[in-house]
Every structure is written in structure tokens, then in C-alpha cells.
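Look at the two complexes coming up: chain A is in both, with chain B in one and chain C in the other.
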Partner chain A sequence: MKAAIFTIDAMLAFLLASATFAVIAQTLNYNSPGLEKQNIFSAANDLLAVMQNDGTLVSYASQSALDINSDLAKKILLLPQNFCGNLTISIYKYQSGGFALQKKSSALRNCVAGNKTVKAKRVFYDSPSQQYGIAEFEVWLKERVEAPK
Partner chain B sequence: MRGILYTLMTYLILSVLLAYAASTASAFSEKEKLISEKISAERIFHAWNSVGKNLAGLLNISAGKTDYTFKITDTLPSSGDTISILQNYETFLQNYFSDGIISYRFEDSGGNKISLQNMDSKISILPWNINYSWPDFGKNSGVLESNSNGLKFLKVVNMTMFVNPVIRDLNSIAWSGYKACDQSTTDCLIFNLTITDGAKTWVSNVDKFDLKFQAQLKVDLGPAGGPNWARATVGKIPTLINLDMQNSNITQTSSMVFNTTDFFINYPSKLNVSAVGIKKVDWLNG
Partner chain C sequence: MKMKGQLFTFDLAVSMVIFLSIILFAVYLYGSINSSAISELESSANIVSSKILSKNYGSENILDKNLLLNLSGKNYAEQRKTLGIAENFYMKVVYADTGEIVKKNGLAHSPVAYIARQYPDDVGIMRMLNNTGVTWDFYWEESAAPPVGTTARHFYGSNDKVQTFKWLVANLSNYDSVISEDTHVKADDLTAGEQQKLRDFVNAGGIFFHVQHNENLISVFGPMPVAGSDKGIVKNNDDALVDVAVGTNLTFQQGSDGFSTISPPLPLKVLIQKKDDPNRCLFCKWTSGAGAIYFIPDINTTNPNGVVPGLKIIGDAFEFGIKPDNSTHAASSRRVAKLDNDYVYLDLIVWR
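Presenting the complex of A and B:
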């Protein structure tokens, strides 16, 4: 009788141990949400940094909204395949005591929207036209779609 | 007896697994915290960089360092209201760039908050404190200054002055007070000057200026009898080169070649970008 109780107790403990082990195994396979966020945040920032450093952002001040749209559409394709994004340029001029929006252009690489979006921003100024601009890049990962079995 | 043995062994295994689970959970949480801090640091760095990048444009200059050379292009006098432009830039940052997570402030050397338009109107080449400055942001003159120590690192200044209106008479352009460097000279500036209006060009035939003396040339511009002129003055140390004008514009492009690459360009304001628990404070630089 005593042996049976010990055995049942041992089996229960073993089940508990197995459950713990399963949780650990799950944790090891778990994708870090922070790491995913960091990757997409870096990609967004890097693209905007390049656009600022090579003068692209400032050059938008003297281009039409249509031309900017077409350039943004090319830029957004530089993102890796599994990234989605919305790249927006807003250009303002200070007049009559406030900032008036001169033009706003955007390009969207749309795919199944994920819930982990990050936004990178850059500010720029065009000296000849005295216009101030903001570049915003919202990026998220394409949702993983399970292949049909 | 066997039951007790099984139980003890199972409890032992369970304890090891629990300890491992606790350690894994702790490492995972630490990693997430580290990543979160890295994202914050990246956010701060990019924000600092983006805000600082615009300063040359706001001052309507182009300035940059390549290896041994610092190159600057500047137009005198200022074509726009630089003070308003700087003021508006700060307002723009507050209204459109700040997102509630990151805060920005411009600071003086003591860490006190300043408005951008109140910073000194100069650019410094460090570590020698060679300054290119204006009396104010109206830029009615532009002066390059250095002490004897800084001058030792400056090999040559090549300057082109683009003047407007046009040069009246090329033949009337000449240095006065020029003294060439000789063996007794302690402070010598090698300065190559070209003046052009786009059609007519004058090139200085002297280039070794003894800075104990002051050399000057005045270029009359526009129609005869008009009040337009541009002037370049070299010396006396600590003044290396002083440009000024009347009823005229000068766009000067200077290449200053140093005998070392170990120098950097600072604007006279620090930029402090901070979020909770992390910040980057540094001189705005070119």
C-alpha cells in the first residue's frame, strides 16, 4: 500500500517535471518580441538616416508631391521582403505666425498588418526655400501565414 | 523502500528542472531589458543626429571635414533672417518632432538651457580653437581667427570669393600693406585668394602673409562711382582673414588644409536629447 502511494506520488512529480520541461522548451523556441522590434526599428532608422545623409530628404523640398511619391515608392521597396511599411514626408513653411503644410507624400508597402509597429522619424531643413520637413517611417513585420496542410 | 527512492530521484530531477527554468526565465527577462535599452539608445542617437544635421543649413553655410581639409562655404551678408529661422526650428521640433518620449534642449557649455538663436555666432575648429565667426547672424563680416599655436597646424588656406555685383576694374585690385614672410617671421599664413564675379577673375600673386602686419585689398564692384565694394583683410594675428563688404554680396568658399587629421568642427551649442533613464549630450558638430 505504502509502495503504491509513493509510486503515485512519484508519477505525479514526474508529470509536474514534464510540464515544467515543456514550458522551458517552449520558452527556448519563443521569438523575442524585443529583438523583432529592434530589427524593424533599426531598418526604419537606417533607411531614414541614409536618406538624410545623402541629401534626399532636403531635395524633396524642391520637388513636387507627385515626384516625391514616386521616389518614396522606390525607397520602400528597399525593405526586406518580410517587412511592411508606411513612409511619409511632410514639408512645412513658416508663414503668418505658424507652420503651413506645403506638401505631404507617402508610400505604403502594404501587407497583412502586424500588431508590432515601430516608428522612426527624421527632421530636415532646406535652406534655399526655408522649409522644414518631417520624415516618418512606420514599419511592421509581415504576419507569418501558416502554409495549408 | 523502492518508492522512497523513486520519489527522491524524481524530486531531485524536478528541483534541477525548476532551477533551470528559473535561470532561463531570468536570462530571458534580462535579454529583453537589454534590447529595450538598446532600442532607447538607438532612438536617442538617431534623434540627436537628425536634429544636429540641420544646423549648417539653418546658418546657410556648408561646412565639412575631409581628411586634412576643412571646407566651408558661406554667403555674406546673411540672405535670410537667421535668428527667426533658428527660432522657428526650435518651435518646429517641439510641434512636430517631439513625441512625448524624447525631450530636446539646447545647452551652453555649463549645461544651461539656451535658445538656439542665442548661441554664439561662430564655428570652432578644435582642439586649436580656430574660429570662423560673424559679429551676429546678420553676417555683415566673416572673420577667421587663431592664436599662434593653432596657426602652426594650418598649412594653407585656399579661398575663392564670388562677388556680386560685378568687379569694376580687375587692374585696380592689389594688396596694400602686404609683408611677405621671411626668416624673422613668427606667424606666417599661406593664403591663396581668388576673386571672381563669374566672368572676370583675379588671382592673388602673393601668398605668404606675415601676420605681424596687416594686408588689405578692396575690390570696387558695380558701376563706376557706386558705393559697392568687397574687402579682404589679412592679419594682424589673432585675425587671420577678415571679409566684409558694402552694398554687395560675397560667397566665399575656403579650404583650410591642416597638417593633421586630428581635428573636429563644433558649433557653439550642445544638444541634449533625453528619454527616461538615457540621454545623449554633446556639442553640435559638423
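Presenting the complex of A and C:
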């Protein structure tokens, strides 16, 4: 009987110690929400930033949807290899009190989608044609797929 | 006795459960700490790479070239301090289209057209280009067969020096820089149209580097050669002449021509001046449009070790830190950025 009491004590002590350790471990591991998506956001935002700065986005306002598609297909290849993404450009004109869609183009680098998806956006304006544009870039990490055995 | 046996079995079972729980908990804790370490490194890689990219509105993601140049002059410990990295790191800047590491100086901007004439005396630059990351094509004026030991991407050869040079001119749009080593081609060997193509190439941002002690090919661009000397003194540093003290004296193996510094037809930077004559440059750089033209009478000096001190044909790469060959934990970051007119990747690995 003494042995049994001793074992129950030990189990209780172990359970308490485990719970304490688990709480401490979780607290030490706590990261700001979204921090794990920082790399993915950088990948999406970097490409839109350089496209905006070198005038690429604004130049889309005066191009055909076909030409934009062709350029987007090249630009999306700049995305680092371990990412996939969907890059969309929508051009609007403000008329009759609302925004009317003029053209929409997109390029996709497809692969198995992970659960961490981030979307970066840029808004731009082409003064000569008085057109507004939205560039949206949805990016996700390429899922590692095991080869069939 | 029977009861004792049961107690013993119960104790054993409970103790096994406790033992296995401890093992499982330890494994969980180890995995958790490991994953936390990777997250920290990932976060560090991202923060540090952001420091090197400009953040100002309208000029986001422009690579801070000054910071990179500043880093180049520091040792590893100082580089880590500047970047704020507590761990080890390896960083490089590569062109997005070719994967080639970006150079911080030097004349060989890939793809390079290299033209030379005489083996083995006048292929010194071929030996420099060999087995580097530079993409280069070889135009060979001596014969249709390539000289021994070339690693060029494409080879164009003929024993007609003018014909070979004309092939190069016809292909200029394929290159970012031209390196011409003792080709002995004269300006009037080229048609007016070919001369214009050379000027257009430089104005559009090309580099034309010409090694020649006694011909007038440079006059295609405007400057006319005058009497020079084999004795020079360093006046300025440049991407082509790096970390050599101003005032250094040297004697070229061959040096007869130079260029006047008075009223030059193009903006002129004197890198090596004729000794005791400030009106003559021997190693000269003219800017024209977005590009540049270099002239040097010889890449070799009479010093025992040969090459002009500080002369950078290949150039040093934007590559820093230590590769993670023996790491236990590593995280990488690849950022898309702009450097001048090129899309580049800033690759950073932070590791333990």
C-alpha cells in the first residue's frame, strides 16, 4: 500500500511539473501573430515595390491586356523559387460616379498551396490616361511534396 | 506473496508510463526549441535584408550600394556588427536573370566580348577571364582555332584581324563590355557605320576597354592619341583602378602613346598620368552617354610581379560572410531588388 501511495504522489508531482514546463515552453515560443508570414509578405511586397518604382505598373495603363499578360508572365519568374503566386493587374477608369473596369490581366506560378498565404497590394494612377490601377500579388510557400515510393 | 506480486506489476506499469511520458516530453521540448531557433533565424534574416534595401516611398527596394561598399572594407566581426547579426551569416547579390554575382568594381561586366591577337604574349586578360563567373565570348585575330586553355562561351576566330573585329562590332548588342587587348585595328579599318555602332554601344551604357600602345582606334570616340611615355604616376582610383595609392610610380612594359588632358572632347578622368607631365594621361577614362571608354598602353609593368597594381579587369564580387558548410541551424531570405537598371536578388543566410 505504501508503494502505491508513493507512486500516486510521484504521478501528481510529475503532472504538475509537466504542466508548468509546458506553460513555460509555450510562453518562450510565443511570436507576434503573423511573424511567420513575414518572409512571404516580403516576397510579395518586394516585387510590387520594384515594379512601382521603375514605372512598370503605371506603364500598364497604356498597354493592351495581352501585352500586360506577357510582361506579368516574365515578372512572376522573379519570385524566389520556393514561392508560388498569382499576380493580377486591374485597370479602372472613373466615370459616371463610379470605377469601371477597363482591363484585367494576371499571371500564375502554380504549385501545391500551403496554408500560409499572403496578399500584397499597390494602387497606382496614370495621369495622362486618367486611369487607376490595382496590383494584387497573392503569394504562398511552395508545399514540399514527397516523391511516391 | 500473491499481493506483493500484483503490487510489483502495478508499480512497474506506472513507472513505465512516467518514464515514457518524460521521454516524450523531452522530445517535444527539443523539437519546440529547435523550431523556435529556426523562426528566430528566419526573422533575423528578414530584418537584416530589409536594412540593405531602401524604404523611402518612391525608391523602395533599391539596393543600398554605399552600405555594401562600406561593408566590403570591414572584417567579418565588423560586418556582423554593422548588420546587427548575432549569428553567422553569408550574403551575396546576384543578377535575377543570370544568377551571376554582382561586381562592385572591375571592367568585365557580363556578357563580355574579348578580342586579342597574339599568343602567348597578348592574352593576359584571357587568363584573367578564364574560370571566373564572367560570361565572355572570344574574338581571336590569329587563327580560326582557339588558343590553348580558353574557357569562353563562344569563339570567333580568323587570321584576318579586321574581319574578326568587324564580327565583334556586328555582335555588339549581345554585350555589356568590350575588352580589346593589343588588337592593332585602326579607326580607318572600320566603316563609318561600324564606328557609329561603337559609339552607340558606349552611349547606351557599354564599357569599351582598350589596351594598345601605338594605334589610333580610340579616335573613333573623339580623343586623338599623342606622344606619351612608359613612365606614369597614379592620379585617381576608379572601378578599374582600385586601392592603389595616389602618387604610386610605375613603368609600363610598353608605352608610347597617351592623350592630352587639355580640352578633351569627352569628360576625362585621369587614372595614371605621364610622370612629370600633368597634360598627358596614360591610363584614361572618358565618359560618353551612359557608358565609358578606357585606354591603357599596357596591362603589364616592368615590376617583377607584372600587372599594373590595382588594375581590376574581373572585379570583386558583392559577396560577404562565411558559407554555412558546418551549420546546425540555418534560415535564408531572398529579396527582389533593383540595382541600377537590373533586377537583382539579395540572398542572405543566417546560421548557427
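Criterion: the second predicted complex is superposed on the first by the 110 of 149 C-alpha atoms of A that agree within 3 Å, B and C clash if a C-alpha of one lies under 4 Å from a C-alpha of the other, contacts with A are read in each partner's own complex, and residues count from 1 in each chain.
Here is the rule we go by: a residue touches a chain if its C-beta (ideal position, glycine included) is under 8 Å from a C-beta of that chain, and two chains touch if they have at least 3 such contacts.
It should be emphasised that the depicted structure is a prediction, and the values quoted were computed from it without experimental measurement.
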| said: Just checking: does A:F99 make contact with chain B only, chain C only, both, or neither of them? Give me first, second, both or neither. | reply: first
| query | Touching A:P80, do we find chain B (first), chain C (second), both, or neither? | reply | second
| request: Considering only touches as defined above, state whether A:T7 meets chain B (first), chain C (second), both or neither. | output: both
| request: Mind working out whether A:F124 is in touch with chain B, chain C, both or neither, as first, second, both or neither? | output: first
| Which of the two partners, first being chain B and second being chain C, lies in contact with A:Y132: first, second, both, or neither? | first
| query | Which partner does A:K37 contact after superposing on A: first (chain B), second (chain C), both, neither? | reply | first
| Touching A:L16, do we find chain B (first), chain C (second), both, or neither? | first
| Which partner, chain B or chain C, is in contact with more residues of chain A? | B
| task | For A:A49, select first, second, both or neither according to whether it touches chain B, chain C, the two together, or no partner. | result | both
| note | After superposition on chain A, the chain A residues reached by both chain B and chain C are 3-4, 7, 10, 14, 21, 28, 35, 38, 42, 49, 52-53
| field | Touching residues on chain A, where the partner in the complex is chain C | value | 3-4, 7, 10-11, 14, 18, 21, 25, 28-29, 31, 35-36, 38-39, 42-43, 46-47, 49-50, 52-54, 78-80
| request: Can you check the complex and tell me which residues of chain A touch chain B? | output: 2-7, 9-10, 13-14, 16-17, 20-21, 23-24, 27-28, 30, 32-35, 37-38, 41-42, 45, 48-49, 52-53, 58, 90, 92, 94, 99, 120-127, 130, 132, 134
| remark: Residue positions on chain B within touch of chain A in the complex are 2-4, 6-7, 9-11, 13-14, 17-18, 20-21, 24-25, 28, 31-32, 35-36, 38-39, 42-43, 46-47, 49-51, 53-54, 57-58, 60, 80, 84-85, 88-89, 91-93, 95-97, 99
| In the complex, chain C residues that touch chain A | 7, 10-11, 14-15, 18, 21-22, 25, 29, 32-33, 35-36, 39, 42-43, 45-46, 49-50, 53, 58-62, 96, 333-338, 343, 345
